[in-house]
Amino acid sequence: MKRRAALVMAVAMLVGCQREQRDLRLDPPVAAALDQVAPTANGIGGAPPDVYVALGGPYESNAYNLGEGKRLYTWFNCKGCHADGGGASGPALMDGWWRYGADPVSLFVSLRDGRPNGMPAYRDKLTTEQIWQLVGYVQTIGMASATTAAPSRNDEMQSRPAENRAPAAADLPTPPSR
Amino acid sequence: MRLRHLIVSVLLPLAAGGCAGSQSALDPQGPNAASLAWLIGAFTIVCGIVWLLVMIVVGVALLRRRGAAEPADTPLAEDPGRERRKGAVVLAAVLATVVIVTGLTVISYLATHSLTAASGEPLVVRLRGYQWWWEVTYTSPSPDRFVTSANEIRVPVGRPVRLELSAADVIHSFWVPSLAGKQDLIPGRDNQLTFTAERPGIYRAQCAEFCGVQHARMALVVVALPPDEFAAWLDGQLRDAATPANEEEAAGREVASGKACAACHTIRGTPAAGTLGPDLTHVASRQTIAAGTLPTTRGSLAAWIADPQGVKPGNKMPMVPLSADELRAVSAYMASLK
Amino acid sequence: MRERVCADLSGLPLHGKGTASPTFWGTLVFMLLEGSGFALMIAVYLYLRSLAPAWPFGAPPPDLWPGILVTVLLLASLVPNYCVKRWAGHEDLRKVRIGLVIMSVLGIAPLIVRGFEFAALNVSWDSNAYGSVIWMLLALHTTHLITDVGDTLVLCALMFTRHGPNRRRFGDVEDNAMYWVFVVLTWLPIYVCLYGPSWL
Amino acid sequence: MTGIPHDLRDTEVDRDTVERRLAETWRTRRGFWGAIATVDHKIIGRRYIVTAFVFLLLGGVLGLLMRWQLATPEGRALGPDLYNQVFTMHGANMMFLFAVPVMEAMAVYLVPLMVGTRNIAFPRLNAFSYWIYLAGGLLLWVAFALDMGPDIGWFGYVPLSGPQYAPGKRADIWAQMITFTEIAALAVAVEIVVTVFKQRAPGMTLDRIPLFVWAMLVTSFIVMLAMPAIMVGSTSLILDRLVGTHFFNPAEGGDVLLWQHLFWFFGHPEVYIIFLPATGMISSMLPAFVRRPVFGYLALVLSMVTIGILSFGLWVHHMFTTGLPRLGESFFTASSMAIAVPAGVQIFCWIATLWDGRPVFRTPFLFILAFFFTFVLGGMTGVMVASVPLDTQVHDTYFVVAHFHYVLIGGAVFPLLGAVYYWYPKIVGRMMSERLGRWVAGLIFVGFNLAFFPMHILGLQGMPRRVYTYQADLPWGPLNMFVSLSSLMLAAGFLLFFIDAVRSARSGPPAGDNPWDSPSLEWATTSPPPPYNFARIPVVTGPSPLWENRDELPVASGLRLDRREIVITSVADAVPEARESSPRDSLWPFWAALTTSVLLIGSIFSPWAVVWGSIPVAIALIGWFWPKGTPEDEA
């Protein structure tokens, strides 16, 4: 009984810590290792770096990293082309139906190296850690259901349903009421 | 105002200034802060006297009946006449409280009035709070003479300065104790603060409203200059960034405009035109970097660029991987941006 | 300590009625604290309204019919509610049973209309602050409506069991009726907030 | 059911039988489930008090951690993220999990005894309240252990606590912990009001109510009028974060300052929710140690009521730097100053009590004297921060930190510690050590003043609050080191207090019924009191019943022994009206609290938790209120 309680507690600790911990300073060697993705030949999908797996995919489930990703999405004007995920001159992100797939490595490569037809490379504008944070956030935009770690609405004029109302695509033309 | 001088001279020893500039309500360097210091002194003296009186009465009450009393001693009977007389004394004490409290309210109200009454055409400076730095914009009747800087406000001595306060993200509070009381910067609301510096000097200011993980390292300095010096300085700020004087600095400019730096920072006269972080056009002319965290030297610039998250964990400046040469060059260049 | 018996309380009733019942006071005190919750929520509403350039903003005004229907149903329910309270005071089991059945129906009916009322607000809670505050006002009142209807239903069921004929139950019915009046009365200021004229 | 003949009266049998039968009827069953099911206000009150003191201990450790970090400039003991969690936890824990609950806990234990009844009104609600409080405390501390501790300050200002700037669930945990503690506090407030209104012993007219009970009555009303404000606030915040409402989003018509209004409309009365019970404790303890009734009973009652009313008119003085209209601010200066008057009335009345008294220098009295010294000083700095212009210099600095610790520790914790020394023998049956007590009082008093007085100066020297570090070139280093070292002395005092409290429970000298020869009713029964409190309900003939009847206590008889019976009296004159029953032990409050906790915690993660979670809550509540056919159900 006691051991089982301890086990539950330990699992809760791991989950809680991973979801909420804030690693404010990423060690430079780790950051460098995070850059070592191995995309497939066609640039869609691929193997994440070993260190990414070893860290437990912190950019997909950690609330702080997702929040930072959302900030970068605004700061680096992803809105300019993708709008709030609804799509404009760039493709929509909210529908989760993406040209190069939803795989994190694929997204990382898209952001870092750019893609044909207008997606610029952010290699020299963002650090590896920031690109990963954006990858994590962009994935939540296209999700079928919100994760509990996903960021919520911003303090600004609302042009899209909040992230925690996923699947957001279905709600895109906001109905007047429920 | 002899009393004022007395109070100030009593309080002054408590207000030792640091080398970053004084940051103390007890070391007033402008009329606002001076009348506040006077008010603090007056309240302290009145309240101190009241407190002392109460303590003396408690002490006397305890001593006058000091004896080896025991819990089991029979309760004392009350003498109605005596209780009535005590009632009168208590009533008098209450009335005295009312009088004192009213008096303090009145002087506080008068002080408020004297603070809001400023004379002369003010210099209008816009101060915008970000997590965790300050953007400073000097306004002018002609829009092409607006100057944007960061983490340092320069003001002319003797002229009132009106700060127009706004916040970009969360609530901050601007507080330069040697010159004025604090005023909050609130998203969605516009606030103002007017103050005057009486003497040239460097006055440290700090964010006083908890604003997140680096609230502690969100400071700035107010530098008061003689009016002509201020005008000359402002003209200097209008100019574009200094051109590199040697090869190393030129290489540094390449790094600053080619690497991630340019995505967030503006260096006027170079391709770097980001608006997310502080304007760096004249960064080396400022006293401190990273919102009052480090003094501006080439060494500290290098340390900051190399490891911003080690110096100020959680701030929004990422650790951009640079080679040793790049770091040396870019810090040399930054140090040249006077 | 030695004791000296100076009063004999054996003649007192086993349960006090009205102000002699702690439950009555408990209900009253709950009404006070919930009332202060309502008052604060209305204060929030008025505060946000005072800041807004136009009201309602960013949305068409709500449709009126569901709100009017709810109000009429609630006000109408006050009559049988008063009767139930009286009958409970007289400890008339048969009439109280009938009354509680009527009150259950009259409690559920406005709840159903309330569902349409949310739709008739013409704004979503996450559209803007106006939407948020009127949804919250309506939801706050609906919560009270649901709890009191739940209470009425349970009491109604209880009156048909062996526990029904008991002075304590009749007291509960009276307190429940009193609380229903509170639920109806708190609706009126909220109604004015939601649907009142724009000059308000 | 219990083998007691039906309708047996205490007039029909001898005293021993009365006590045996009553003990049988009122006792709490042994074992785990018996302990869970109990509704005895003494057992629950004891639990409440112990739990609150555990939170005090934990909060104190957090305080020491902060002092460790701040002892030197550029300290490296805690990082900024952890420091922010620690100071938020310290504030939230001390306010919501210690200060308010401990006062209510003392009332849960003492009020029924002081008004001469056998249990608190709505005892099952009381049990529910404790479980909810415990769940709220566990929520906060477990979250902290999981690195999910709130880091937004105990005041949780938006937008920093809002959806954009507080990622994750840290802020939600803070907001929901408030919901827990407010439910618990509101429940106790309801119980206290009804207990005081309807369950006072026959003859305890309004002018004979012990002053602690008066204080708790006024406090309960403040709780009921102020706490809904924070419930509205925290609910709005959770909705903003969870379902994207816009209460605090200025871009969509919300307002950032709305939060501050709501928070301080609760937050300022909160100070009096903590302070008024403490003044009640002083007024109730003082007679025993000066050997005369307290001076100015009516003035004391009226000043408490006045404080209660005025406390709702000063919330804006926490917002003097937000740029509100000057005229309004001046009004709030005046009202904040005005509250000094009723507070002064209380001080003067106590001094007038001392003046003719014969002081007995025992530990509780030492704490009362420490209270005078520190609280009056804290009141003086309170007058200072009430002034708008002055506040613009000291607001959010260490001056304010010093001020409110003077008011809360000096004004509430010192009386509370005195009260623990004073009522401990009643609760436990044994005395605490007088020798250790003097050390405790001395260490805490001196340690406190050494630790907190310099903070006034630090604040005036420009040190802001809530900073995790400061630079070496600022002149704050030496004083901060002094403060940190002094805090060790304060901590030593508290450690000694806890040692004394634990040790005395086993080995303290037996206390007897009335060790201090106090005048109020709780001392008329044994120490610790039996489950039924009073074998026969006392009849009150004056404001100091045990002094007016030093040999024989007048009592009333005629109550039944086979059911839990209490006397209901009229509100003003305490004329007996009914022999009401008091509920039996029940597990349902525990299940209701458990299901409510699941609902509230679930609603941090999904709004659907409210819908699905309300079903088990409803089942538990129906189980709670469904009659069980016990003698208590007779009418």
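Letters A, B, C and D mark the chains as written, and numbering starts fresh at 1 in each.
The rule is simple: contacts are C-beta pairs under 8 Å (C-beta built on N, C-alpha and C of every residue); 3 or more make two chains touch, one makes a residue touch a chain.
The model shown is predicted, which means the values in this text are computed figures rather than measured ones.
More C-beta pairs touch across the B-D interface than across any other pair of chains.
Subunit A and subunit D have centres, each the mean of its CA atoms, that are 45 Å apart. Rounded to whole angstrom, the centroid-to-centroid distance between subunit C and subunit D, based on C-alpha atoms, equals 31 Å. Centroids built from CA atoms put subunit B at 38 Å from subunit A. Once the centre of each chain is set as its mean CA position, subunit B and subunit D turn out to be 37 Å apart. Counting partners per residue, subunit D has 79-81, 159, 164-165, 240, 243-244, 246, 249-252, 255 as the residues that reach two or more other chains.
Each of residues 126-128 in subunit C touches at least two other chains.
Each of the following residues of subunit B touches two or more other chains: 187, 213, 313-314.
Contact topology of the protein chains: irregular, matching none of line, ring, star or complete.
Pairwise, the chains that make contact are A-B, A-C, A-D, B-D, C-D. Here subunit C touches subunit D in the complex through residues 1-16, 19-22, 25-26, 29-30, 32-34, 36-37, 40-41, 44, 47-48, 51-52, 57-58, 125-133, 135-136, 150, 154, 158, 162-163, 166-169, 171, going by the rule given at the top.
The residues of subunit B lying in touch with subunit A in their complex are 187, 213, 258-260, 262-264, 276, 307, 309-310, 313-314, 316, 318-321. Partner subunit B is touched in their complex by these residues of subunit D: 79-81, 84, 151-153, 157, 159-160, 164-165, 250-251, 255-257, 287-289, 291-293, 295-296, 299, 321-323, 326, 329-330, 333-334, 337-338, 340-341, 344-345, 347-349, 351-352, 354-360, 362, 369, 372-373, 376-377, 380-381, 383-384, 387-397, 457, 460-462, 464-471, 473-475, 515-517, 519, 544, 547. Considering their complex, residues 79-81, 143, 145-148, 159, 162-165, 167-170, 240-244, 246, 248-252, 605-606 of subunit D touch subunit A. Those residues of subunit A that touch subunit D in the complex are listed here as 12-13, 16-17, 19-22, 24, 63-64, 66-68, 148-149, 151-158, 161-162, 164-165.
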